[in-house]
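What follows is chain A paired twice: with chain B in the first complex and chain C in the second.
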Partner chain A sequence: MNNFKQISIYIILIGASIISVFPFFFMIVSSTNKSVDVSGGKLIPGTNLLTNIQNLLSTVDIGQALLNSAIIAITTTVLALLVASLAGYGFEIYRSRAKDIVFNILLLSMMIPFAALMVPLFRMFGTISEIAPIIGIDTLASVVIPTITTAFLIFFFRQNTKMFPKELLEAGRIDGVSELGLFFRIYIPTMKTTYAAAAIITFMSSWNNYLWPLVVLQTPKNQTIPLLISSLGSSYSPDYGVIMLAIVIATLPTALIFFFLQKYFVAGMMGSIK
Partner chain B sequence: MKKRLLLLASLITILFIAACSSGDSDEANGTSNGNEADGITVWAWDPKFNIKALEIAEEAYKAENPDFQLNVIENAQDDIVQKLNTSLSSGTTKGLPNIVLIEDYRVKSFLEAYPDSFHEITGSIEVSDFTPYKIAATSIDDKNYGVPFDTGATGLYVRTDYLEEAGYTTEDLQDIDWNEYIEIGKKVKEVTGKKLLTNDHNDFGIIRVLIQSGGSWYTEEDGVTINITDNEPLKAAFKVYKELVDADLMAVHSDWNQLLEAINSGSVASIPTGNWFTPSIKAEESQSGNWAVVPIPSLPEVEGATHASNLGGSSWYVLNIDGKEEAVDFLTSTFGSNAAFYQDLVTEMGAVGTYIPAMEEGAYEISDDYFGGQEIYNDFTKWSEEIPEVNYGLHTYAIDDILIVAMQDYLNGGDLDKVLESAQKQAETQIK
Partner chain C sequence: METTNLNKSIKSKNEKYKFRPKKGLIGWVFVLLSVILICLFYFYPMLQALLLSFQSGAGVNLEFVGIENYTRLFSDPTFLAALFNTVIYFLIQVPVMIIIALMFSVMLNNKKLKFRGLFRTAIFLPAVTSLVAYSVIFKYLFSNNGIINTILTNLSLISEPILWMSDPFWAKIVIILAITWRWVGYNMIFYLSALQNVDESIYEAARMDGASAFQQFFKITIPMLKPIILFTSITSTIGTLQLFDEPMNITGGGPGNATLTISQYIYNLSFEYTPDFGYASAVSFAIVVMIVFFSIIQFKLAGDKK
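So, the complex of A and B:
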């Protein structure tokens, strides 16, 4: 009986794994096949990988797009982590009467879909372009700036700060550490797992961000990876092998970062539930 | 402590400068902005089709204007719509191109919503040089805005080998209506086991083709009044569609990828679609000689039904920003008046235009061995002149979505009149 239960659990788990891994499998296999074979649903690796690589490199500048995406994602992650953790820390550690009201208003901003903010935001950047073109429309900075603070990340840091042992701060104060010092020398090192989880979330959403970069970036030189992939599929007769190859390349960085930080990620997420 | 803060601060500064600098260098090159750019910026979507056409046009134009510079920016069609909508509704001209390619079905909503953002080109092109349906699609109240690019003139692509097996030739497909074609389809399926055609239930292209061939559209001539309940061609098209489904002659695909697969693997016997589909058919070289193109069947029991219709097709529009004069000059001297250029378009990439002098000068008299020596481009241009003129109006895709649901009700056994009546009501409430 026990055995039967075990076996059925494993069958379900194996089934679920196959279902979740299949898209990756298909993506990788398809990147080695001709477009016609991809549409035909061929599931065996082909011999077209080199041709696909050649076609990809000759049609688009994927190196530039990777670089753009990397600059945007890394800058966003560093800045967002710093700003959001300072805010989350402040909300939890310091006392103020208005604190909860401000925090609730902040949370409400999570309810506004980005599509509703897009036109006013674009208008703002249009004005900024006239004053300071280096952070205006069609610059990488214009992609970074609106995504630095997100209500979600502040909320995430505040929730995790709840289980931060505040006695550490008091001990620090007694030893004469400044308020900023408390944050940088005590809080950050203690909250490493939270930072790792937040870094993964921010990096991934920035790496995959589509709508805002699409609207605000104009020149091919500034194109990010998702925009590049979208334009590869725009043709009336798209080359699916090449598209799949581009998707493999686009997926690698996030996959690597996830594997690298996975341990911390799970710990960080668990923390936010506790 | 201070050291660490300093380190962090400098790290952030470096990253920020890195992020800004690549934008900065763009400004220096002057390519980031349609307003200030050297040369003309264009948004278009298919590197093998309309972007290639632009390159050919650039070459032709450069012969006379050696200093001319064209910057083509490639974006998916939906992305162009999104970008254009955001830019125009925010009232910011920064980053807009000088020229944008817009599909004929969609353009009226842009022209009506942002009338001052587009540059009127009336008088710059000779209207009588283009097929009338195309001018109707690119103009508002006799004001011309678009320079026509390609025609979406439709034909019925058929597998001659399957037809032959069932005892038919392409002669049997001339001047027939859909009921007769369905009978032929039943026979073909009986003999070869292949379905007659394939369609995506969520893509109403085929219905649009059918109703335009009957001289009708979702809206009346004003482009706004919803025309569903009393629309005879639409009713006839719904009946044809149901008949195709009920007789099990319609294979179903769910995206472009599967459509190509169905055609290239030979699992269906025909496909009624726009002439721009030709390269996709020819992608499967092994089927060379097995295809032909015939006029689409007409709608049964509809007065004035024709064998000509349109699917897709797009035109160039000039935005009302600095550089518009140069943009207009580029478009009118190539797409607007150059017959030899149209010949290059068809020989190099199979794009069929709507420029009548090019048709008269024999630009399209090219026999194609893939289609058994048929002069398909010539046929398409002939048919394109017969396409009934309709006003595509402002809401084509919105009404599409409503009718797609209505079709499901009808296929599930609903009464046609009632189904269309409720679609009409829904469309009226949804669209003001």
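So, the complex of A and C:
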């Protein structure tokens, strides 16, 4: 009986692992095959990778899309970390009843679905376009600006600040460090792990963001990676090999982050529920 | 030494709000930027959406129509279809995913299990993909002449291909399978790390008393993990009720409107059809109401079970 239970657990886990990994296998193998082989169900690596690379580069400007996505994701991450950690620190270190109320109101914004915001935001950026076109509709800045601040990230930093040794601040104050200096010279260097975890969460969600860029970006020159994949995927005569190659390229950065920074990745997920 | 004593006396006076009241203003400086940005990009647009929802018209020619947009919701077959689909995804997908994730986490929490790390990594792997990327992969895996049909036919599980993309029932199944594939491993990691904090001796005591694996699962594991289950079910609920990337890229909402979600309908109303921002805003409040409603229900359920 016990043996039977053991074996069935292994069978379930092996089955689950195969199902989880199969789409990755399919994507990687298909990127080396001709379109007709992919749709024919070929599941062994082929020799068409170089042709697929050439075809991909000649149909779409994936380099530009990678660059756009990288600019957006990196800018968002840097600004989001700064703004949210300042707030998370402020709410926890200078805790007061009034600030707790404000904090709870900010948390309510997590319940607001983006679908409800996109029309007003689109109109807002339409107005901005008339005053300052460089941050208006169809600019990379317009993708970044509304996604910088999330209540989640403020919450994340506040939760992690609870574990920050506050004696360090007292020591700094005695040494005459200013309140802002305490944050930049003591808090930030001490909280490297928290920043790393927050950077991963923010970078991933920015890199993968689809709906807002879809609404606000219009010209192909400004396309991000998800927009490019989506438009390749909905083309009328899709070249499956080429599309799968594009998806491999799009997945690579986040997959690498996961494999090399797994510790921070999980810390980032868990940091929100401490 | 003196400073620590001083600190202690301040702490004991006001344990919760302990830092110097005279530094009150500097605290606001730290949080100010966030407060402004959240108001500007969340609360202000939300208010705008509310005002818009009482207006109607194409493009920028809006006029005030009262609650007409809201009454129109109930007789709009596309909205009702999108509402139905969204609720179906939520009611089926969220519980199924949480149960599967819990099951895997319990299996993987066994320290004697071989290849634990390997299984854990494999099952978590889908969580690193972008929603658009995996959606496009699923679109091809499940196309009518796709690899899934080929495999199922070769295994003699089906005699003729399932019309995944052109049958309203199966199209919904594909969406549910896709989201479940993407998120089971992600949620499993939360449960796994919570399980590692559960004292093994509780289980030993239960086994001594003759509790079966099922009894242990329902009487120990689930109650112990209740806070984290609540957390994951609320985040999954918010995510599923806003579902957009998957139906947009796997099925395009079709066949007919069989997989259309509310978010996708709002997008179509605003940017695909002749834009009707007013009505789109009224539709968006349907999601707001649902998120609040289902979150409250889950809090209540979690509270009552104790």
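As a working rule, the second predicted complex is superposed on the first by the 243 of 274 C-alpha atoms of A that agree within 3 Å, B and C clash if a C-alpha of one lies under 4 Å from a C-alpha of the other, contacts with A are read in each partner's own complex, and residues count from 1 in each chain.
Here is the rule we go by: a contact is a pair of C-beta atoms (placed from the backbone, for glycine too) under 8 Å apart; a residue touches a chain by one contact, two chains touch by 3 or more.
Fair warning: this is a prediction, and the values are worked out from it, not measured in the lab.
Asks: Since both structures carry chain A, what do chain B and chain C do when superposed there: clash or fit?
Replies: Taken together on chain A, chain C would clash with chain B, as the superposition shows.
Asks: Output check: A:V119 vs chain B and chain C. Expected answer is one of first, second, both, neither. What do you get?
Replies: Touch status of A:V119: both partners.
Asks: By the touch definition at the top of the document, which applies to A:I53: first (chain B), second (chain C), both, or neither?
Replies: A:I53 contacts neither chain B nor chain C.
Asks: On the A-aligned overlay, A:A84 touches which partner chain: chain B = first, chain C = second, or both, or neither?
Replies: After superposing on A, A:A84 lies in contact with chain C but is clear of chain B.
Asks: Classify the contacts of A:L66 with the two partner chains as first (chain B alone), second (chain C alone), both, or neither.
Replies: neither
Asks: Contact-wise, after the overlay, does A:G181 reach chain B, chain C, both or neither (first, second, both, neither)?
Replies: first
Asks: Touching A:P133, do we find chain B (first), chain C (second), both, or neither?
Replies: Only chain B; A:P133 stays clear of chain C.
Asks: Check whether A:I247 is in contact with chain B, with chain C, with both or with neither, and answer first, second, both or neither.
Replies: The second partner, chain C, only.
Asks: Looking at A:S235, would you say it contacts chain B, chain C, both, or neither? Reply first, second, both or neither.
Replies: So A:S235 only meets chain B here.
Asks: Name the chain, either chain B or chain C, that contacts more residues of chain A.
Replies: Larger number of chain A residues touched: C.
Asks: Looking at the overlay, what does A:Q218 touch: chain B (first), chain C (second), both, or neither?
Replies: First partner only.
Asks: Pick the chain B stretch that clashes with chain C in the superposition, from 166-174, 238-246, 256-264 or 292-300.
Replies: 256-264
Asks: Which residues form the common part of the chain A surface touched by chain B and by chain C?
Replies: 38-39, 41, 118-120, 122-123, 180, 211, 214-215, 230, 233-234, 240
Asks: Can you list the residues on chain B that touch chain A in the complex?
Replies: Those residues of chain B that touch chain A are 1, 4-5, 8, 11-12, 15-16, 18-24, 26-27, 31-33, 45-49, 73-77, 79, 82-83, 86-87, 89-92, 94-95, 256-258, 260-261, 264-265, 276-277, 279-280, 283-284.
Asks: Which part of chain C faces chain A closely enough to touch in the complex?
Replies: Those in contact with chain A are residues 3, 7, 16-19, 21, 23-24, 26-31, 33-35, 37-38, 41-46, 48-49, 52, 104, 107-108, 110, 113, 118-119, 122-126, 128-141, 143, 145-147, 150, 181, 185-186, 189-190, 193, 213, 228, 231, 238, 241-242, 244-245, 248-249, 252, 262-263, 266-267, 270-271, 277, 280-281, 284-285, 287-288, 291-292, 295.
Asks: Where on chain A does chain C make contact in their complex?
Replies: Where chain A meets chain C, its residues are 5, 9, 12-14, 16-17, 19-21, 23-24, 26-27, 38-39, 41, 43, 83-84, 86-87, 89-91, 93-97, 99, 102-103, 106, 109-124, 145-146, 148-149, 151, 154, 170, 174, 179-180, 183, 204, 207-208, 210-211, 214-215, 225-226, 229-230, 232-234, 240, 243-244, 247, 250-251, 254-255, 257-258, 266, 269-270, 273.
Asks: Mind listing the chain A positions that touch chain B in their complex?
Replies: So the residues of chain A touching chain B come out as 36, 38-41, 59, 68, 71-72, 74-75, 78-79, 82, 118-120, 122-123, 125-127, 129-130, 133-142, 144, 178, 180-181, 184-185, 211, 214-216, 218-222, 227, 230-231, 233-238, 240.
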